[in-house]
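Presented sequentially are two complexes of subunit A, the first with subunit B as partner and the second with subunit C.
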Partner chain A sequence: MRPKESATERIFHYFNFFMALIPISIILLILAFLSYYSYRAIIYNGTNFFTSYLWYPGQFSRNPIIVRGILVPYGSSFGALLFLIGTLLTSLIAIAIALPTSLIASLTINLYVPRRLKRLSISMLELFAGIPSVVYGLWGILVLEPLLFRFLEPWMRDHLAFIPGFSGAIVSGSGIIASGLILSIMILPIITSVVSDTMSSISSSVKDGAYALGATRWEMGKYILRQGSKIQTLGATLLGLGRALGETMAVLMVSGSVLNTLPDSIYSPINTMAAAIASLLDSAFIDPTNMNVYALTELGLLLFFITMVVNIVGRTIVGRGILRGYEHEI
Partner chain B sequence: MDEVIKTRGLSVSARNNVILDSLDLDIYRNKVNTILGPSGSGKSTLIRTINRLTDLNGDFEISGTVYFNDHNIQDMSAVELRRKIGMVFQSPNPFWMSIYDNVAFGPRLHGSLPRLKLDEIVKRSLTEAGLYQEVERDLARSAMKLSGGQQQRMCIARALAVEPEVIMLDEPTSSLDPISKSKIEDLMSTLKEKYTVILVTHDISQAARVSDFVNFLYKGKVLEKGESKEMFENPRNEITEKFITGRAD
Partner chain C sequence: MKYENGAVRKRMAFDRGMEAIGFFIVSLLILVVLSIFLFVIGNGLSGINIKILTTDGNTTSGGLFNAIIGTWLLTGVGLTISLPVGLFGAVYISEYSNSRAGSFLKLFADLLTGIPSIVLGFFGYLMIVVYLRFGFSLLAGGIILAIMMIPYILRISEISLSNIPKDIREAAYALGADKYKMILRVLLSKAKSGVIVGSVLAVSIASGETAQLLYTAGWNNGLPTGLTNSEVGYLTYVVWQGINQPSAYSHQLAFAAAFVLLVMILALILMSKYVQRGK
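Coming up: the complex of A and B.
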């Protein structure tokens, strides 16, 4: 039987319950706000939003017209395909670079770095995550872009042109490669810290078990640490992806913020959903029908859904069965 | 008598704590050699020094010599040494793979073998560990799904799969139920026909049941060593006597 609760305890209980509701209410409120602001755009854009890459604000000097019962600027079109492609492409490049780098970094930290330095190297890495993204962007413009433009991109075009998409005009350093690289640096800490934590939480009796069979350090890392952290690596990658998808400032600074032109090679400038919202919002407010703002909100709603799903799946996976069958040792 | 492993003046310390103090031990071929002693007497450190798992942790300082077949183990490669001297740990430590992959782990490390040969090794090792009949149909199942006792016998099979000369068992039954425990104890008498067995235990009755030779380790020193029967019936050392009669602190 439950012991009787005193009045204070009961008050405290309800207070806690109320506090616990706050985060979920905030998410629901954001969702409500996004839906309210974007429903007109959803009706107006229809599937055009996903199939067209043309984003025209319309001519504000001419009278607005009514389409499907909604007042929109004359000649406006809101196709998000370019931003979708850009977001996907830059995030995938970021993952493609960050994932192997994180795995190697985590293995190195767990296999070769002395115990005392281990903690230091992890906290150094986590410091990276705290650098404001505008600083990454600045570094990207001042350092990374000239390097890409002068050295890396010409080299890639000369030597890797046989890969589809690797031949084409190099206009400037900004674009897909710069965005992907910056994003990879930004998501490296989160992936590495999750993977490396998981690897160090693997029971030492399992590690010793592999050594006792004559495994070298590297073999132990490859078969025990890497295999044992597989699921968490997937989860961490999704968490990194979640960050890459939504990253705005740094990408805005190095993407080239192109509109209405699909990339024709990996050297092309690009735009992403997040960067487009930030860069187009200012001019959107001039639209007397507000449709430009609504359309950007629709973009925001889509981004919200995508990152939400990726993050939830990522978190669920990371939190699952870290020790797998070795729980009794905690 | 044929000694497989000899330690001469073996001392181990970690962070200025002496764990083992100039041990002279002999491990005899095809016998069950028991290292008996209370918790904290240095038993585990001793066998970890023998297969050089202590190398992996920079804290240990080792002096004296361990000979394996009359070779100083420091002159051998650690990988080669650990292949020849297998080890089973205190609690079962299956890898998160199938039973088959667990047992094949060692052989795969040491060279690529044709599938048929590997199948044969897995079958032989599991049979020697007395587990084959129970898992014959489930070799592809995750080893994590086995019971604790089965897991431990699979770990024994895993150690046997690389065809070691010596197999060291570090309190192998301490986390198991009585039935699993007696299965593993029975196993030791068959294992010694082919392998040299080193059993580390603090369980006096277990030591009495299975050992041929006993080394009584106490606070980092060997207080008494000899044939099992003689030591349990006629301990010469006062502390040994206290321990085996259950009066030790």
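Coming up: the complex of A and C.
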């Protein structure tokens, strides 16, 4: 039975209710601020935002001009196509590498690793999630990029040139491959933790049933563990995708931050939506019409919208949030 | 054992083969993560000294003192704001709301971790720095870090609260306690270790963030002089700026900063594991 509500009780109840509402209020506030600051850019840019890859801040020394009722810097153009392509391409490469690796890692941990080493190997993989993204960037610049430039990329060009996009000039180690690889390392713990958790929660009677039918360990893993965790794997992949789409610092450091040039091969430098906001916002402040800030807000709004949709779907499937592989701590 | 059947032998061999591939990939991953740690520790240790840790710096000269203190101040402000929100939000979800409203509120808490870090920082710039006129400051950076810390504290607190058996609540009621007294005196003391684990994890993640702070905290060659309108330096900024500059000393500072960060984060992770074990 519940005790009667006193005044203090009621105040405490409402205080807690107010605190529980803060997360949803923050999401709505972000949406409101990003929309308010980007509507002028949305009117000015129109479809140019999606079809052009030219991003010019305009000439601040000349008088601003009025386009569709909006004051904009002379000669400015805000086409985000390059950033959209970059975000999509690097995230897809990240998923293409991280998903099979995570699946094999989860299967190995659940099928082959001896019981007493299982906890340890999971803890080791969780360490990936504790590394800050600037440290990934640091490692990417000084270790990964030289490796790519000297060994992997020349090898790929020599042996895989028949694949479209795999032949071209290798300018430096930074670019699409470096960004995709770094992102794949960063989302690996997210996918692995969800998938391996789901696999180990599959009832042992089902597993024993497969063994009783004469399945080898691999066959049990393939038909029972992998099949049984299919939906969760999809959800985890979406959570990983959400993280890859929005990752900023590591990509900013290894992408080459190119502007106004579309990539002509997989070795080209690239830029992403998140990295572009981080690197262009500083110089956007000097625009007297503020249009450069508004245009970056439009980019931010689009990125926010995409990551929220991906996260909501992924979260609904997995049934828990993207805690970056820290779920085991609970 | 000898197998007469060739097909069985083939399947067994395939299983062994996959085992070898699996072990190879898992070992490779562990090797990669260890190599990242060793890379930072090796380069950081050779460049770190007492002088670097105790003098202020500007990412190309001087030390890391202002950045270390700045990181602590920013995460401290973040924790001060996010702890009550996360904790009492968790109390509401676990003790007051029905399960449908609860899972709705939890979904939005989870979504906070999915906001791209630069979008969160940009929002902080637009709302807190410009609209609220806090300027680049401790409070602006702290509030933005708090937003990304809330879900860790809320979710882990909520799980520890709902793991408390119902009997304990009934016992408190039977002794005549009001609901709020039952929650404050009984449940919160029971859920303490979960709340601590969540907070420690939130701090460990927040101290490694950069993009949220670029346009909310700014950079300061010394210590901030107040909560608002006074910029703050932080360690991740030194890593990012230091490595982008040509001088050997700024590289040394970048590695020293990365080293201090990793040591802090590892210590926090170990601390959370320790608290968890004592639960």
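Please note the rule applied: the second predicted complex is superposed on the first by the 307 of 330 C-alpha atoms of A that agree within 3 Å, B and C clash if a C-alpha of one lies under 4 Å from a C-alpha of the other, contacts with A are read in each partner's own complex, and residues count from 1 in each chain.
In the analysis below, a contact is a pair of C-beta atoms (placed from the backbone, for glycine too) under 8 Å apart; a residue touches a chain by one contact, two chains touch by 3 or more.
Just so it is clear, the structure is predicted and the values come from calculations on it, not from any experiment.
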Inset, instruction - Identify whether subunit B and subunit C fit side by side or clash on subunit A in the overlaid structures. - result: fit
Inset, instruction - Considering only touches as defined above, state whether A:26 meets subunit B (first), subunit C (second), both or neither. - result: second
Inset, instruction - Give one of first, second, both or neither to describe whether A:69 is in contact with subunit B, with subunit C, with both, or with none. - result: neither
Inset, instruction - Please work out whether A:223 is in contact with subunit B alone, subunit C alone, both, or neither, and reply first, second, both or neither. - result: first
Inset, instruction - Name the chain, either subunit B or subunit C, that contacts more residues of subunit A. - result: C
Legend entry - Partner chain in contact with A:164 - subunit B first, subunit C second, else both or neither: neither
Inset, instruction - Name the contact category of A:9: first (subunit B only), second (subunit C only), both, or neither. - result: second
Legend entry - Partner chain(s) touched by A:107 [first = subunit B, second = subunit C, both, neither]: second
Inset, instruction - Using the touch definition from the top, say if A:212 reaches subunit B (first), subunit C (second), both or neither. - result: first
Inset, instruction - Working from the superposed arrangement, determine the closest approach of subunit B to subunit C, counting only CA atoms, in whole Å. - result: 5
Legend entry - Doubly contacted subunit A residues - partners subunit C and subunit B: 216, 219, 324, 329
Legend entry - Residues of subunit C defined as touching subunit A within the complex: 11-12, 14-15, 18-19, 21-23, 25-26, 29-30, 32-37, 39-40, 84-85, 87-89, 91-93, 95-97, 105-123, 125-127, 131, 147, 150-152, 154-156, 159-160, 173, 176-180, 183, 194, 197, 201, 204-205, 207-211, 214-215, 236, 239-240, 243-244, 254-255, 258, 261-262, 265-266, 269, 272-273, 276
Inset, instruction - Write out the stretch or stretches of subunit B touching subunit A in their complex. - result: 51, 53, 56, 58, 79-80, 82-83, 86-87, 89-91, 93-97, 105-106, 109-110, 144, 155, 158-159, 162
Legend entry - Contact set on subunit A toward subunit C in their complex: 1-3, 5-6, 8-9, 12-13, 15-17, 19-24, 26-27, 29-30, 33-34, 37, 101, 104-105, 107-109, 111-113, 121, 124-125, 127-128, 130-139, 141-143, 185, 188, 216-219, 239, 242-243, 245-249, 253, 274-275, 277-278, 281, 296-297, 300, 303-304, 307-308, 310-312, 315-316, 320-324, 326, 329-330
Legend entry - subunit B partner contacts - residues on subunit A that touch it in the complex: 114, 203, 205-206, 208-216, 219, 223-224, 227-228, 324-325, 328-329
